[in-house]
Amino acid sequence: MTSSDVLDTALALQLKEACELLMADLDHLLEVLKRRAYEFKDTVMIGRSHGIHAEPITFGLKLALWHAEMKRHRERLRHAQDTVRVGKISGAVGTYANIDPATEKRACQILGLEPSPISNQIIQRDRHAEFFTTLALVGCSVEKIAVEIRHLQRTEVREAEEFFSPGQKGSSAMPHKRNPIASENLSGLARVLRGNALAAMENVALWHERDISHSSVERIIAPDSTILLDYMLARLTRVLERLSVYPENMRRNLDLTGGLFFSQQVMLALTRKGLNREEAYRLVQRNAMRAWSEGSQLQELLPQDPEVAQLISTSEIAAIFDLNYHLKHVDTIFAQVFGET
Amino acid sequence: MTSSDVLDTALALQLKEACELLMADLDHLLEVLKRRAYEFKDTVMIGRSHGIHAEPITFGLKLALWHAEMKRHRERLRHAQDTVRVGKISGAVGTYANIDPATEKRACQILGLEPSPISNQIIQRDRHAEFFTTLALVGCSVEKIAVEIRHLQRTEVREAEEFFSPGQKGSSAMPHKRNPIASENLSGLARVLRGNALAAMENVALWHERDISHSSVERIIAPDSTILLDYMLARLTRVLERLSVYPENMRRNLDLTGGLFFSQQVMLALTRKGLNREEAYRLVQRNAMRAWSEGSQLQELLPQDPEVAQLISTSEIAAIFDLNYHLKHVDTIFAQVFGET
Amino acid sequence: MTSSDVLDTALALQLKEACELLMADLDHLLEVLKRRAYEFKDTVMIGRSHGIHAEPITFGLKLALWHAEMKRHRERLRHAQDTVRVGKISGAVGTYANIDPATEKRACQILGLEPSPISNQIIQRDRHAEFFTTLALVGCSVEKIAVEIRHLQRTEVREAEEFFSPGQKGSSAMPHKRNPIASENLSGLARVLRGNALAAMENVALWHERDISHSSVERIIAPDSTILLDYMLARLTRVLERLSVYPENMRRNLDLTGGLFFSQQVMLALTRKGLNREEAYRLVQRNAMRAWSEGSQLQELLPQDPEVAQLISTSEIAAIFDLNYHLKHVDTIFAQVFGET
Amino acid sequence: MTSSDVLDTALALQLKEACELLMADLDHLLEVLKRRAYEFKDTVMIGRSHGIHAEPITFGLKLALWHAEMKRHRERLRHAQDTVRVGKISGAVGTYANIDPATEKRACQILGLEPSPISNQIIQRDRHAEFFTTLALVGCSVEKIAVEIRHLQRTEVREAEEFFSPGQKGSSAMPHKRNPIASENLSGLARVLRGNALAAMENVALWHERDISHSSVERIIAPDSTILLDYMLARLTRVLERLSVYPENMRRNLDLTGGLFFSQQVMLALTRKGLNREEAYRLVQRNAMRAWSEGSQLQELLPQDPEVAQLISTSEIAAIFDLNYHLKHVDTIFAQVFGET
């Protein structure tokens, strides 16, 4: 048994255990995401593309989407664990010259590892590269959620906020100054995980039956990336668990565009009343522009437009401006994500 | 159906097909690796760690190890294909406001895609990041094989060479100047795949229900990384298929250290004859140092050393210096890799 | 003269010219940044840290800061140009075996290049790595400005907008839906430049007197990174040149926190009136909390608080709530940046 | 003075000092490189391209080339130091609202820093990104030298070796097994520096007047990258200082191709004797192929070829096979690098 047999098998045990912890972290995160997704399943807010208001969603949908993403990462981590959960006791160049293959099998069985079907002096580093890129991928989604929280906490938006304990540092003479520092911290750390993944990828192309250049890298990134991600998942879970959510602000922001996200349905209603597409478009556009420039509600302007009013009644208009139009499939989506009815 | 519904679903189809091609490339590569592994199963050569001679292996073992590695990549690609093989027809923010979830299911079924269980304006980019990092990981192993060929083709080593057709450019007044340019080319391209993977990872943390910053990236890296890897796998396969292998040079290099890789077994034999470990070590070391400094064969020096000669006979020594000691498990390893007996 | 002499010298000429174009791009960008900085020198807006309102600045300061940053990049590019503006005609391993050093000098002089003081088969790739990382660094700052514009264009903020021509595609029935797609595009492309820089860094450690692995990389990244950055700078310049700026919205947002950014000066004023720090803090905090929770203006609340009112008059309070307190050094800063008085 | 004023100015001081140490490291490395370059100025060895023998060089040329490269890095570090040697005491958003610009100037002067001409809450991160990419660039060249040493130490090449003290661990029953572990270690660490540089580049695009996401990154990479590079430069210097160089092995390897690198001059001599290019080529090729396949010396074969012998005398041939033909400009190159005569 050579020293590299021992070291590589020991590393496999460490990474296997690290995966165990990280999957437990993810399980906890998934649990919190699910709980809060149901809590805000029907909490309406505006969906945004390009940073610009698009159509209504619910805050629960956002959380459910994150849940689905983190579930994919759970599966990736499990796959990565299978990949690195591999021991090797096959001697200096992997030929079992001084050790029987059966010994490798036995030892691995005892340690809860799979024996590597073939190795040279070491276990091949494509396995570790998959492991570290997987950690980086999880980090990317942690960053994504963190960036979202930072967006929602902006002074102008303020639809959600990291929990801010009354005793927390922060000038109470500046009560608006609650900074999403946990989420900012997480955004940064994802960059470190990416950098480390890159180093792990460069570790694959070792020379001949091994060169030891991967070792100095792994002694840094193995503890750093696993501990960092553990910290990141735990901190993100805590942020989400205690996230302050402001449905009233969501509603206020939703109304900012005066209901313009109903334009399309108004147009459809007008065409159903006999207008051709062009005329319908002209009518809706005229009122939409006015609503936007005046900051008024499209629903209120439409009945004031004689051309519109003669075609659709106020109650028909009210029926169109129904948020449920946008949210009617929320339960379906939740069932698709959480597999429940 | 929004334009992002169309674009993202189209991208899924393209990446799915790209995966199909890349897996076919890998299948071809695996076939060639297996064929040549069996061809050189018993072709002895020195195994090297740190670039320094270690213990004997066979060239077939090297090829079998690459086979096992590429098989892992085959599985990773299949997983990545499952991950990106996902369509989405759920509207501007993923709420199915203007389209029925059943339509998405039907359309995806027709296209051979899975419907995304949840989406916002787009399919989430952790999927694509997994895809592009997987391409980069495959590239790392292509590089590893390419680097090995470059090593083996060095003037001083010359155990293998990229096929060099008689008519090929290259000064025939410099007949030694056959450069492993295909392998060098492949070594470089792996770097490009890694860079692109990184950009794909940065694409994950989009804002809110989507920002379009990922798009300019994907328009570059989606064609580039898939086409590059297709090219790399095809070129590597061709290099391996036609690789010139020089068993006689392998044998020559194997003998360079005068059989020092048998030192350990000599020591064990001496202790079995009654010497304690320290004395056995002293005897072997003395002859090993002489063999190395004189460039002679340890097997020939040992009988000349009276202290050794009185303990072990020449025929016993000959029995120790048997390459089969190192290669006795080659068949077992092949069975572990190729699942055959 | 070997083919690598020709190729490397040709590459030097290309990169030198690319730098020329990129520096011209930067000059144009700098000119636009300066012009618009002066245009908005006194246009007050809120400064934000952590995405949260902090203290007032002017939009001109933001532009001036970008100017200073791009000027640093101008200098970096010039340095990178000096680094790559190096020719080499020294033969297969750099010994001038078949060519006189004087010929190299003459040829380089004619081509406007410096002769490399020493080379092997090629010009060393640390030069090119500096070049490509410099392009990536410029890209990072392009991204930074692009991200800022995307922030400012958010529906809730809307302090600035990419120019949107009346005829531009975009539903006029959704007049709010003006997406900062140029800035999003630029944000993405910066990632590609970073990935390419990485590949260039991996090109440095070539083997012996050269291996050709850098070549496949450079054939991709040399045109891609230079053309991309040229495009990015030109597009960013155009975005900034025609950026719609909304001072009234800046003012509206500035007022969102009810003047809380004057808290500190109120406190100082109260201590000057004889209160100790703790008492002053208690008084300000009480009113600040009220302003924030009610959405009212601190300036209006203070005179209504008897404890405050007996110490400071309304006109004294008005004097404190003076934006000029925050902006008094804008001219100084402009002088520091633009070197004018 | 805000906390970010203090932190950023403190970081500037730390990075400035780190640069000081790293430049001293580089100075020491440069000194060693120069000393050893002159020591081996005329030590002939084969130059290699693509890993294949090309034409003769001297080991001193290799060292001189590294000297020139490290001198460029010295200059880059100096530039990077200028870039980060910048203090900032301008308040929460950089407006000097509560502090006079003159104070910033005075404080910076005392601390040996330049005052930033403009800042927001922090010093802009393009400065730090230049710093960390510069460290990574230096690392790339450390890796390049390390990779070269690993190549030269290969069992088949063995032209140089890391110093191996008699008492050093390593089986003396395997005296050939001296592994270039320091160089392998350095090869790996360069990857970590590259990963960290990437994280630093992603730190540039902060939001508005600052977001704090850069901070978690810098707390990791600032100590890690600076300390790592300090370690790397010191270790590389020690490796080079004590590098065992084997001129006799260099000479042995040089002779491996039987003097084929003189083919071109033989051809020229034959054409000077009246042969046309084609005939001359045919004659040289015939003997070159024989020398290569037989492992004999071209110089000895030529006089045995009647067609050649009737044109050139043995002494003329001897004059052609003169290594000085390849090395005649070594002094010139040294003068170009070290600026001496």
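A, B, C and D are the chain letters, set down in written order, and residue numbers restart from 1 in every chain.
Just so it is clear, contacts are C-beta pairs under 8 Å (C-beta built on N, C-alpha and C of every residue); 3 or more make two chains touch, one makes a residue touch a chain.
Bear in mind the structure is a predicted one, so any value in this text is a computation, not a measurement.
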item: Between chain A and chain D, the fewest steps along chains that touch one another; value: 1
item: Most distant chain from chain D by Cα centroid; value: A
item: A-C or B-C - the one linked by more C-beta pairs in contact; value: A-C
item: Between chain A and chain B, centroid-to-centroid distance (C-alpha), Å; value: 32
item: Intercentroid distance (Cα basis), chain C paired with chain B, Å; value: 42
item: Distance between chain centroids, defined by C-alpha means - chain A, chain C (Å); value: 28
item: Shared-contact residues (touching 2 or more other chains) in chain A; value: 48-51, 54, 150-151, 179, 181, 184, 187, 194, 197-198, 202, 207, 211-212, 264
item: Touching residues on chain D, where the partner in the complex is chain C; value: 47-51, 54-57, 61-62, 64-65, 68-69, 72-73, 76, 79, 83, 91-98, 101, 117-121, 124, 126-127, 129-130, 133, 136-137, 140-141, 143-144, 146-148, 151, 187, 190, 194, 197-198, 201-202, 204-212, 264, 325-330, 332-333, 336-337
item: Chain B contact footprint on chain C (complex, rising order); value: 150, 179, 181, 184-189, 191-192, 194-199, 202-203, 207, 211-217, 220-221, 224
item: Contact set on chain D toward chain B in their complex; value: 46, 48-54, 150-151, 153-157, 171-181, 184, 198, 202, 253, 256-257, 260-261, 263-264, 267, 281, 284-285, 288-289, 292-293
